[in-house]
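Working notes, beginning with the structure itself.
For reference, chains read A, B, C and D in written order, and residue numbers begin at 1 within each chain.
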Amino acid sequence: MACTAESVAEALRAVAAVVVEHREELIRLDREIGDGDHGENMARGFTALVSKLDEVPSSPGGVLRLAATTLISTVGGAAGPLYGTAFLRAATSVGDVADLDGPAVAAALRAALDGVVARGKAALGDKTMVDALTPAVAAAESVAVTGGGVAEVLGAAADAAEMGADSTVPMVARKGRASYLGERSAGHLDPGARSTALLLRTLAGRAR
Amino acid sequence: MACTAESVAEALRAVAAVVVEHREELIRLDREIGDGDHGENMARGFTALVSKLDEVPSSPGGVLRLAATTLISTVGGAAGPLYGTAFLRAATSVGDVADLDGPAVAAALRAALDGVVARGKAALGDKTMVDALTPAVAAAESVAVTGGGVAEVLGAAADAAEMGADSTVPMVARKGRASYLGERSAGHLDPGARSTALLLRTLAGRAR
Amino acid sequence: MKKIINDPATVVVDALRGMALAHADLLEVRYDPAVVVRADAPVPRKVAVISGGGSGHEPLHGGFVGRGMLDAACPGAVFTSPTPDQVAAAVARTDGGAGALLIVKNYTGDVLNFETAGELAAADGVDVRTVVIDDDVAVKDSLFTAGRRGVGGTVLLEKIVGAAAERGVDLDGCEALARRVVARVRSMGLALTACTVPHAGEPSFTLADDEMELGIGIHGEPGRRRVPVGSAEEMVAALLDPVLEDLPFQEGDRVLLFTNSMGGTPLIELYLAHGIAERLLVERGVVVERRLVGPYITSLEMQGMSLTLLKLDDEMLELWDAPVHTPALRWGV
Amino acid sequence: MKKIINDPATVVVDALRGMALAHADLLEVRYDPAVVVRADAPVPRKVAVISGGGSGHEPLHGGFVGRGMLDAACPGAVFTSPTPDQVAAAVARTDGGAGALLIVKNYTGDVLNFETAGELAAADGVDVRTVVIDDDVAVKDSLFTAGRRGVGGTVLLEKIVGAAAERGVDLDGCEALARRVVARVRSMGLALTACTVPHAGEPSFTLADDEMELGIGIHGEPGRRRVPVGSAEEMVAALLDPVLEDLPFQEGDRVLLFTNSMGGTPLIELYLAHGIAERLLVERGVVVERRLVGPYITSLEMQGMSLTLLKLDDEMLELWDAPVHTPALRWGV
């Protein structure tokens, strides 16, 4: 199964559809412990990306770079620079190869996580997207070293991301807007962790 | 039965108590077709009058004049100048006699009505206090000419005022704030007509 | 009712104390009776321009006291006309020997109380003139009703006449100018939510979640009709059309457009509405020469807005631009 | 949700169009990306002072663009930080050769987006400094959280640094001054009602009829605790005490007191609260040298208020008094 510029673009279009579909859910989650705009921000950004993808760049890295710059200039909020950095680092990681394999995807995810942490300084357990992305990267890497293809790598990442997102429910937020709530932030799913899980699940679905 | 300065003062203290007691009702009536302050305005004015009555002027006319100036400077709104004028004209009408009889009371009520009409230019049927006061004056005069005393005169005035107030319910307002409602003002009791009826009923009760 | 107050009975006086502290350089506040006076009053040989009305419409009127606008404001209880002794005290305190002009919004209570005050002041030998403003096109004008209400046009009237008085225009001139402004200004408002008067404790009326009151008065008096909430485009047109038709304002007319918040509507919505109003005026060939956007004549926390149009002439334009130095309007100084 | 809008997705741009029309003499508005710029930008050899943040806090920040305050403001979507390209465009448009100072309220989104923008501008060879303001004492400051939020102090910071830049103070001087203001300003707010973000369509939180949220953030983020509504006296003390204790402010300190409405609280209540705050400060021997009262940093239609205290020194006092000419603050010109 190929992982070309066109298939990455197609997968990102699917992500956009899923984000728009889950817009209200993400708004609701963010209203509970944030300011209620995460779904709107993500929907705005990915909708903008879809129209930019009318012309698909020539390599998967090019597509990821276009996603990065588009998200940075349209999402805003905390999620904009964080997802933007994630896509930018992923783009740099994959370079200009024409077709990605499992290890390349796993490495891209690792680069994305490193970028998010470098930018946002969140640690595991702070109740952020990092809590979804960290186990996702670990799972992706362990599948990749045992020879897993793109679909397997992303499938494992999505599974782990969903569990990681769920793990944010009992956490007390220490980063982002939810941290103002202190103890009151416990008992709620982190919206950024949820959107990360949605994103990886959709990519995994497209890779199949 | 005497109608001296002290008994007029006592009757006005009773009016104050009744107005305070009906404050919410008058507010509610005024909220329906006005701006909801009539009960507050009247309560403020008559409460101020009570404290002014610590020193009772020497004649009934003096008490009525004190009531006039106090209401003018404390009630505000439409009711302030209207009730103020009513009391002022009544005071002038009774002059400085020490003890009022039935005809004097009826004449004072006539003077009060003339003052309200001169100031407010409302006609019968405009849905204002004039609709309570006009029949009250007519009733008072007919009792007075047939030799009725103060209690009978005021009793007849109160009965007629209550009927007059009730007659405002179906009317379409043509004066005051309720007139902005046009047809929508029908179906509501006019707050000023109601307070006029309350006032006369209390005076009648005290004259007994 | 949730409000930042101590006691409904003392709201006005308590607020005046804060206002006096906030603007000690511009105002002097007297309490018994309550009057807000410009700090340097009386100004010798200047016509005193005085207004007043119920409280709850802030910054109107106290926020417009100062150089180039009002000499004094008489704050009544919330939504209740002030009493004649307040107005008489304002005249006595600000009369600089050139007489006083009373600007009265057309409500029965205001008219009657100012009328009585005018008689008192005249008895004291002050030349007092009264101008009644009735710019609200929502209410049908008729000899058989209380007539139109005074609303947004009041702000423009106070600014323009205040500037004329500051320049030394005499009482006849100020009065004539005021009547010209009244003749050329029209307004209409709408409410999305009701407000709660402190002493009443409950909202003045109730609107369904999808309703607005078109033609609302500034005390929550109802207007023309209750209609479904529409888009901003529809709301602005619903206000602008009756205003334009009434005078009428015509192609080529030069106007001042005043987009006012009823108090609870945020500035972001107000700017949005203002942009639509200006565009609609341009489409009809009406020339917007000046604009005022903000909460200047309010109804406590009511959400909603009003539009006011004044047909300018050169003199009014110049007087609008003249220096003003009050808590709520300030330029040129 | 009842709002004067056409479409939640275009609220910010639609409002900017109205703002551009309302203040064409002061501002130029660019739309792609959205930036509000002072009309005479770039001012040669002047440090460009730039801020921005989510919309819905109007007049902050666009209403403070103009002579003596901001050179540009970057409006994000409602309650959402602006994007780096907006900030980069603002820097490019206003850089007069003396560098740019970015004033950033301490929210993760704002900090990250301005950080990225700073990198972009630095790559273009502009000397860019960033000052983060975090004056909200409601949130415990800690290395392990996002830290304190930037709230009311932002308005005072923008005015004072804007005045310094206008006088020709260089970038180092502006940055040092800004850090001094940040070190000496503290705020706290409370909410009586929630607000509704247009794209969310529902209130951000719910409060019972007798509850208020003490320590509210300007995006409706919760604060210290939810408590029963008290009297104005109690509310003001509940805000003032933590503010005073935090710095701490002490007897003899000279302060600027800023009494701010969250948007939906009427001016009459705000003046009332201001009067109480001044009295409480006098009782403690704190000297109120200057005051600002009004809705300057808001949360859409939220009812509530905040208090901000700035410990003044002579330089700050003089810069506060210096001329300013913007849509929302105007004096000395």
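Here is the rule we use: a contact is a pair of C-beta atoms (placed from the backbone, for glycine too) under 8 Å apart; a residue touches a chain by one contact, two chains touch by 3 or more.
These are the chains along with the protein names UniProt gives them: A, B = Dihydroxyacetone kinase DhaL subunit; C, D = phosphoenolpyruvate--glycerone phosphotransferase.
Computed from a prediction, not measured in an experiment: that's the story for all the values here.
Participant: On the document's contact criterion, could you list the chains that touch chain B and likewise touch chain C?
Facilitator: Common neighbours, chain B/chain C: none found.
Participant: Once the contact rule is applied, which chains count as partners of both chain B and chain D?
Facilitator: C
Participant: Among all other chains, pick the one whose mean CA position is farthest from the mean CA position of chain C.
Facilitator: The chain farthest from chain C, judged by C-alpha centres, is A.
Participant: Using mean CA coordinates as chain centres, what's the chain C-chain D distance in Å?
Facilitator: 29
Participant: Could you grab the centroid distance between chain A and chain D? Build each centroid from C-alpha atoms only and quote it in angstrom.
Facilitator: That pair's centroid distance is 32 Å.
Participant: If you average the CA atoms of chain A and of chain C, how far apart do the two points sit, in angstrom?
Facilitator: Comparing mean C-alpha positions, chain C is 54 Å from chain A.
Participant: Express in whole angstrom the distance between the two chain centres, defined as the mean CA positions of chain A and chain B.
Facilitator: Computed from C-alpha means, the inter-chain centre distance equals 75 Å.
Participant: Could you say which residues in chain A touch two or more other chains, in rising order?
Facilitator: Residues of chain A never touch two or more of the other chains.
Participant: What are the residue numbers in chain C that touch two or more other chains?
Facilitator: Within chain C, the residues that touch at least two other chains are 78.
Participant: So with touch defined the way it is at the top, what topology do the chains form here? Options are line, ring, star, complete, other.
Facilitator: Topology of the interface graph: linear, an open chain of contacts.
Participant: For each chain, which other chains does it touch, given as pairs?
Facilitator: The list of touching pairs comes to A-D, B-C, C-D.
Participant: Which of the residues in chain D come into contact with chain C in the complex?
Facilitator: So the residues of chain D in touch with chain C come to 2-7, 11-12, 14-22, 55-56, 58-59, 63, 78, 192-193, 209-210, 212, 229, 231-233, 235, 259, 263-276, 278, 288, 291, 293, 295, 298, 300-301, 303, 305, 330-331.
Participant: Enumerate the contact residues on chain D facing chain A in the complex.
Facilitator: For chain D paired with chain A, touching residues are 9, 33, 54, 76-85, 107-109, 112-113, 115-116, 139-140, 144-146, 149, 197, 199-200, 202, 204-205, 217, 219-223.
Participant: Which of the residues in chain B end up touching chain C in this complex?
Facilitator: 27, 31, 34-37, 40-41, 44, 72-82, 84, 119-120, 174-177, 179-182, 184
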